[in-house]
Amino acid sequence: MINKCTASLAEAVADIFDGATVMIGGFGEAGSPIELIHALIDQGAKDLTVVNNNTGSGHVGLAALIANGQVRKMICSYPRTTGSEVFPALYRSNRIELELVPQGTLAERIRAGGAGIPAFYTATSVNTPLAEGKELRTISGREYVLEFGLQADFALIKCACADRHGNLTYNKTARNFAPIMAMAAQTTIVQTGALLDLGAIDAEAVVTPGIFVDRIVTVSDPAQESKLVAEGRRYP
Amino acid sequence: MTDHNQPSLGWSREELARRVAVDIPDGSYVNLGIGLPERVARFVPEGREVIYHTENGLLGMGPPPAKGQEDPELINAGKKMVTAIAGASFFHQADSFAMIRGQHIDICVLGAMQISEKGDLANWSTGAPGDIPSVGGAMDLVAGVKTIYVITQHCTKTGEPKLVENCLYPLTGKSVVNRIYSDLAVIEVTPQGFRLVELAPGVTIDDVRRRTAAKLLPPG
Amino acid sequence: MINKCTASLAEAVADIFDGATVMIGGFGEAGSPIELIHALIDQGAKDLTVVNNNTGSGHVGLAALIANGQVRKMICSYPRTTGSEVFPALYRSNRIELELVPQGTLAERIRAGGAGIPAFYTATSVNTPLAEGKELRTISGREYVLEFGLQADFALIKCACADRHGNLTYNKTARNFAPIMAMAAQTTIVQTGALLDLGAIDAEAVVTPGIFVDRIVTVSDPAQESKLVAEGRRYP
Amino acid sequence: MTDHNQPSLGWSREELARRVAVDIPDGSYVNLGIGLPERVARFVPEGREVIYHTENGLLGMGPPPAKGQEDPELINAGKKMVTAIAGASFFHQADSFAMIRGQHIDICVLGAMQISEKGDLANWSTGAPGDIPSVGGAMDLVAGVKTIYVITQHCTKTGEPKLVENCLYPLTGKSVVNRIYSDLAVIEVTPQGFRLVELAPGVTIDDVRRRTAAKLLPPG
């Protein structure tokens, strides 16, 4: 029988290894799997390369993971969000690497990684510093830059509803990077707000089919990052 | 060049946003950048239906939520809480940028640090050491959207012209801007350079030229 | 106001021009917009390049369009379906061109065309006759072939439900190529089983967002291709 | 070499499909080719849950529909009407082939015209003039799926061996086949060539060798 449910957050992230590439869902706090990130802080894996659109805010969630010294490199499009203090300080003192990728190129690279496309061309970033050193090619009279698919050892994502096969639905704009990260990671670990019976999710409305999901943990009342930040909370 | 901040000269931010909205046709699919561009959504002229795309994954963005109706997982690209209109749809990042890159969005309204007379745009980084470079979706938008409008104060806070011969800041995209809406004027980017389209009330073409570090052609 | 509803099938296809590239949804009969195809037969545009997974069956729908001499070239993955007679006969006598594309490459080329990706690499077809004459590239030790995005002037697709903005949902495996063809065509023309009020389709369950749709015609009781074929029907 | 069609020698088609099913682990995601491979779905051993992917856009394909429950828009890749299990999902072609190309499918069971001792597969075209070449998803499947099983009669209808040193027909993929399930034997493709894994009841290794146009290594 297929049952991807895992007993605890700790068990779900137990095998994340030093040096792993970890994709973390979320655009700002929307979709950020904060409980899984905190479990990864408890677990302690280091030298991580983390893929996320941002770098977290305050001293909880992704920002706390970075503050805890576990992240060697960030791959993201917008590290300088409101309330982001941890990453900028480390970056200015050269204690963390940054690979800056335009948001759409980041999304497409992740989708390509999940879809078995090793590389593709895009017009985004041509004639800008972000295309420097990259291969250019003119196709039908327009210049494009070659970008490579992005894969990860693990993805940590948050969804609204899941079933034991790993079929997922999301809540509004919390969907963002989760479906494509689930595709691009070797092991996809999901925290879900609710675990439903098999068949309860309409087959026409499944957003992430179970084939892309490996482990599910139910976190029925997830913390809200902005609230924790407003309260000045820190993790651990 | 310091009188540009006199409140009496040119359009207020509200008036400017309203002026941009007038030029957005009925039925357009529009992406609004973070900050001043966001205000454009408030001024859709009577009788028009405009669909707002926010690149974090929503087509059919509505106004800010009523008190008590906020959902921190329903936000726009500026991470502000919004609503979804009837007829809205949610999708993931790769699908959202397929709409952008695939030239499905009709108009994008962006802020700017500098715009060159060739339509080059710089709006993501000063390139200064210690600056945390953050690009977001800006490069995808200028590369993919059919029509790029810039909405901006004509000069920087310290009075430097933003309309220049060549951008000094790192580019977001080359030859991408179609039109500039500043507090002083509406200016088209043409193959010949900047061309005045319309002056804000009480502003003269010489007022604009004094604050523009490139040639400004008269209307016509 | 946005209202993409069109009064008639004839009006919906009126501007399809000679020499146009037309993507037609469907995998076999599932998802085939048979009423739109018949309207295109009535309309008479010729020299068409048609993109479809197959070539139709019997003498109705796509097969009838081909039989009517309107198609110069087929781009498809599986022209030799059960019940397919029209295309094989024309092909054997060199009266129609065929660009044979592996099904996944066809899908990805269409998706790329719609997503603004001019070209991408795939391992599919490497070391086979279908990669002959194509550019190869080794990436991370594996060989890939370069494939180009595919766009069309028009797409004809069928959906289950639509609203006036053009948001669409589909019926089961009739979804197949429709969502990506809607993305890849300059003008996307949809026949829908039902037209719903705006807001009636759950925003989380929209499959094709309205931005990809141009015209909608309601065909509430569409013909079933296999039934027409079994009855020996012909169009016109 | 004409006695291969004697009904008494080797596995029947049903037995062969059942034999393949035994080797599919619990929890696998499996794609089944058109024809003989489709039969494998009927024989999932007790206690296992196997999820069938059909590349036209369904994960969680169930058995054929009961009379009166048929939906011509719920079909498999062979265009036969099927059902969807609880926990199924529908998706479009690009997403479906992302599952295939992105190596998310564990096992694919395909038919074959020829298989070489290096694991090359030919199963889409005879290359003969007048033949309508039809490839479907076969090339995507062999390029993307982790494990490729072939299920086939050991010889063609006219008694020609299908297991050969080099395929004469146009290839579907090079070095892609992992295992062959024929009516006579289960054979692994190894770096050394074909290696016998298991004989059908009553079949000897010499029976198989006589019908194989390449070296067949003994088990071990």
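Going in written order, the chains are labelled A, B, C and D, and every chain counts its residues from 1.
Here, a residue touches a chain if its C-beta (ideal position, glycine included) is under 8 Å from a C-beta of that chain, and two chains touch if they have at least 3 such contacts.
What you see is a predicted model; the values in this text were computed from it and never measured.
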Where are there more C-beta contacts: A-D or A-B?
A-B
Give, as an integer number of Å, the spacing between the C-alpha centres of chain C and chain B.
36
If you average the CA atoms of chain B and of chain D, how far apart do the two points sit, in angstrom?
56
I'd like to verify one number: the distance from the centre of chain A to the centre of chain B, where each centre is the average of its C-alpha atoms, in whole angstrom.
29
When you check chain D against every other chain, which residues touch at least two of them?
84, 90-91, 94, 97, 100-101, 144
Scan chain C for residues touching two or more other chains and write them down.
108, 111, 115-117, 122-123, 170, 172, 203-204, 207
Every touching chain pair, please?
A-B, A-C, A-D, B-C, C-D
Of all residues in chain D, those that touch chain A in their complex
26-27, 29, 47, 49, 51, 53, 59-60, 84, 86-91, 94, 97-105, 144
Taking the touch rule as given, give the residues of chain C at its contact with chain B in the complex, in rising order.
1-2, 111, 113-117, 163-165, 167, 183, 198-199, 203-204, 206, 209-212
Residues of chain A touching chain C in the complex
108, 112, 115-123, 137, 139-140, 142, 144, 148, 169-170, 172, 202-205, 207
Note which residues of chain A are touching chain B in the complex, please.
27-31, 53, 77-82, 87-88, 91-92, 98, 100-108, 110-111, 122-130, 170-180, 207, 224-226
Chain B residues touching chain A - in the complex, by the definition given at the top:
54-58, 71-75, 79, 84, 90-94, 96-97, 100-101, 125, 127, 130, 132-140, 143-144, 170-174
